[in-house]
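One chain, subunit A, links the two complexes that follow: it is found with subunit B in the first and with subunit C in the second.
Moving on to the complex of A and B:
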């Protein structure tokens, strides 16, 4: 197990390198000049090139990359062109908020998804199964930004129960664990949870249904075990695969909530990313994408290791 | 308890499907004492369904009906779920057709054996472990401590089969239903496993329902034989009197096997008479 862990950790290095190169290049490919966003329209050519040199944008790409990476490993992600604040501080603040939102959505989605999936897998092909399948297809297909807007209209505009904007009262982005702040979390978290509910339910349904038709289930009954005992066995069999699907879902939740964060003005990484894109804020854009991508890589690693730890059939050497 | 362990009268197993009702077992009657009873028949003749029906392990849409289905004084047919659970494994055990798939792939052999015992007995994990170890030794498994820690995919077919037998005998049931327990094994391992099972069953004075499609194997290994065809019993006889068998299907099965002492150019092809299907079931009650 330890060798497996080490090997997986070593494998992460080239992946991380590739990810950093792609993050760097992607931003270069994007059209538009970051300087036009911050320079006055009537800036002279000298002023422009001075500014270009100040941000190191006049050097060849490989050199720019080397400088970027060199600073990166020292924890310096550069300064935001738009605000002048350090990118690292901006990104980590935002990622924390996104993580909060993603984990909240996961806490809502995973238990519901697992429960519905088990129910459908156990009562396969009768109305319960059909109902769950309908719910999960709807959950996956409904565009969640649209759902978010609908929820805002119902719960914020019409009923006035919950706030629709920001992460705290008065648009503050400083999170605190109290009801005033948590009220702000409810609508975006619920909206974000809908897709993973569908995906987890479908996965667990397929897994449970498949495992229940296996011969060993009959052998368990032949031993004199109860339905609850048998379901425990089924859960144990499904755990590894279900866990990997949920781990990746958590990764998507973190990176894929741009629309939801925009709809709810949630000061997270998606919100930051869309701002960075519109302002052509290169350092901020690169930093945010990189952190999100590395988070995804880490999530993959955790999922793989957890799966190997749970399922004895996976090679652990 | 009397010597009549199982009493089955007019047992029927049917499946309601969209295209009509399929009758897998069509009114068979037999008893099982402290003996080895062989059930022989071709694929699809309803052997497995008979074995499973005794434990009420037929999944919907399958239905089990009978005039009588009893284990000793216990009425299986009308037993509640809870009563069935107390019966399964503890009094009537079953080794299924394919051992490798009868074990949960993500749990160790040891954990599953311990569990089989602790469903029925309140004993400590350590004691259960010790009993499992003893039982593995009885089925001639070398290094049982190591085997307890293995996962199902790490054991061979023959070992898996012996593990299943050991596991199912662990709570000391009175009846063992063995559904083609050796069909997945090669011949030498097959005989070894059968010998082990035979010894255990005889030592404990158990009743054995031995399901197989190999008439010669059953004749060697059992006291009494039931021949099934299309969900009915066409013939029943003592194993020692198999040569006196009358039914053309039994004779056909016997003739379809090569005989080393009287080699023939061609073996007979089994000809099935539609009339057999309609003929009423022979009773194998004693």
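Moving on to the complex of A and C:
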């Protein structure tokens, strides 16, 4: 197991390197001079080249990358052009809020998805199965940013039950565990949960359906085991695969919540990202995407290792 | 019983013409025609595409012409069956015209990525070795980004615009298609008939063209169709964020964004563009599922 863990860790390094290269190149493909945003319009050519040298922009690209990655491993991701604050501080504050939203959505989505999927897999090809399949296809087809607006129309505009904006009363972004703040979490978390409900239900349905037709299930019934005990065996067989799908979904929830965060003005990483895009704050854009992507890489690693740890059928060498 | 009844025929002296064996594509078509849900979805998509193409001849109102006094009229208004938007422009016309850009940006990237990704994946899978390593490890890096994040990152860096959206979405969908193409191709590559073809002295290009492509394209194609729904949602999502199509063009995601400010005035009107995105993506998903079972592709 330890060798497996080490091998997986070593395999992550080239991917992390590639991710950092892509994030670095993002700034290079951006049109226009990165300096135009901060330089006064009437700056002379000399002032411009001085600024260029100060930011290291006069050096060749590989050198610029080396400097950037050197600062990065020391936790320095540069300064935001718009606010002048360190990118690292901005990003980590926002990622906490995104993580709260993503985990809440996962807490809603996974039990519902597993329950629906198992129900459909067990009652294959009758109306229960068809109803669950319809729900899961609708879940993966719905543009969730639109669903968010529809939920706001129903629960905020028409019924007035829940707030539609922000992460706390008065637009506060400091999260607290009380009802006043949690009310703000409900609509975005439910909206974000819809797609993973569909995906998890679909996966678990296929898994449960496959396992239930295997011979060992017949054998267990034949030796007189109760239905509940047989289902426990089925669940254990499905657990590893289901867990890996859910782990990936948690990663998608964190990286994919940008549209939902925009709909609900949720002060998370997606909100930060869209601000960075509109203010052409490239260091902030770069930093946010890098952190989110590295989180996703880490999530993949955890899922692989966890799957190998609980599933004896996986080779751990 | 059925067998008994047919015996006299086969025994009779008259020659019975041999039944022409049904080809693969005839079988696929026959299965598709017998699948009403898939046919319905195909019809819906076709209708949306045709309406978008022929929008100027449908006798619709001008989708760009606004009116200060006729803003945010509700559904069922005289002369505006689906109401008007925040600038008094006819919603029905804008929704139908909006299909042009939305469907184009929603489908084109998958088509382009299908060709590029298939080419990369087939080469990687057939040639193997270092070529495979270089292509597939690069693909792995792109898999480190959730697709929404990658699309927004590239579009955000490039800036708004139709071409930029097409470019960023194509980049997003090349890696998954490449990965599937590579997996299918390396499976086919290991079969004996490929070795036989190579033993006859056929060049790699000939083997790929004659023996490989025909056997790998169906699963890649079916996989690509399953991506169209995500691509539609993402394309409209980019415009919704303001980094896709620029106003005043009619586009469903952009319309959803600009109508958001009207949810307190005329809530259901502002949800209409999203209904179009939802219905289209639902039809694309169901169509892809139907194609998968009709073409006998297993995942």
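Here, the second predicted complex is superposed on the first by the 289 of 317 C-alpha atoms of A that agree within 3 Å, B and C clash if a C-alpha of one lies under 4 Å from a C-alpha of the other, contacts with A are read in each partner's own complex, and residues count from 1 in each chain.
Note that in this section contacts are C-beta pairs under 8 Å (C-beta built on N, C-alpha and C of every residue); 3 or more make two chains touch, one makes a residue touch a chain.
For clarity, every value in this text was computed on a predicted model and none was experimentally measured.
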For the three-chain model obtained by superposing on subunit A, do subunit B and subunit C clash or fit? fit
Going by the contact rule stated at the top, is it subunit B or subunit C that touches a larger number of residues on subunit A? C
Considering only the touch criterion stated at the top, classify A:236 as touching first (subunit B), second (subunit C), both, or neither. first
Could you say whether A:152 touches subunit B, subunit C, both of them, or neither, answering first, second, both or neither? second
Going by the contact rule set out at the top, does A:27 touch subunit B (first), subunit C (second), both, or neither? second
Looking at subunit B versus subunit C in the superposed three-chain picture, what is their shortest Cα distance in Å? 12
Parts of subunit A lying in touch with subunit B, wherever the complex brings them together: 214-216, 218-226, 229, 233, 236-237, 239-240, 310-313
What does subunit A use to touch subunit C in their complex? 14-16, 18-19, 21-23, 26-27, 29-31, 137-138, 140-143, 145-147, 149-150, 152-153, 157-158, 251-252, 254-256, 258-259, 262-263, 273-274, 276-278, 282, 285, 289, 292-293, 296-297, 300
Which of the residues in subunit B come into contact with subunit A in the complex? 52, 55, 57, 85-90, 93-94, 96-98, 101-108, 115-116, 119-120, 151, 153, 164, 167-168, 171
Enumerate the contact residues on subunit C facing subunit A in the complex. 137-138, 140-142, 144-149, 152-154, 156-159, 229, 233, 236-237, 240-243, 256, 260, 263-264, 267-268, 270-271, 273-275, 277-278, 281-282, 284-286, 289
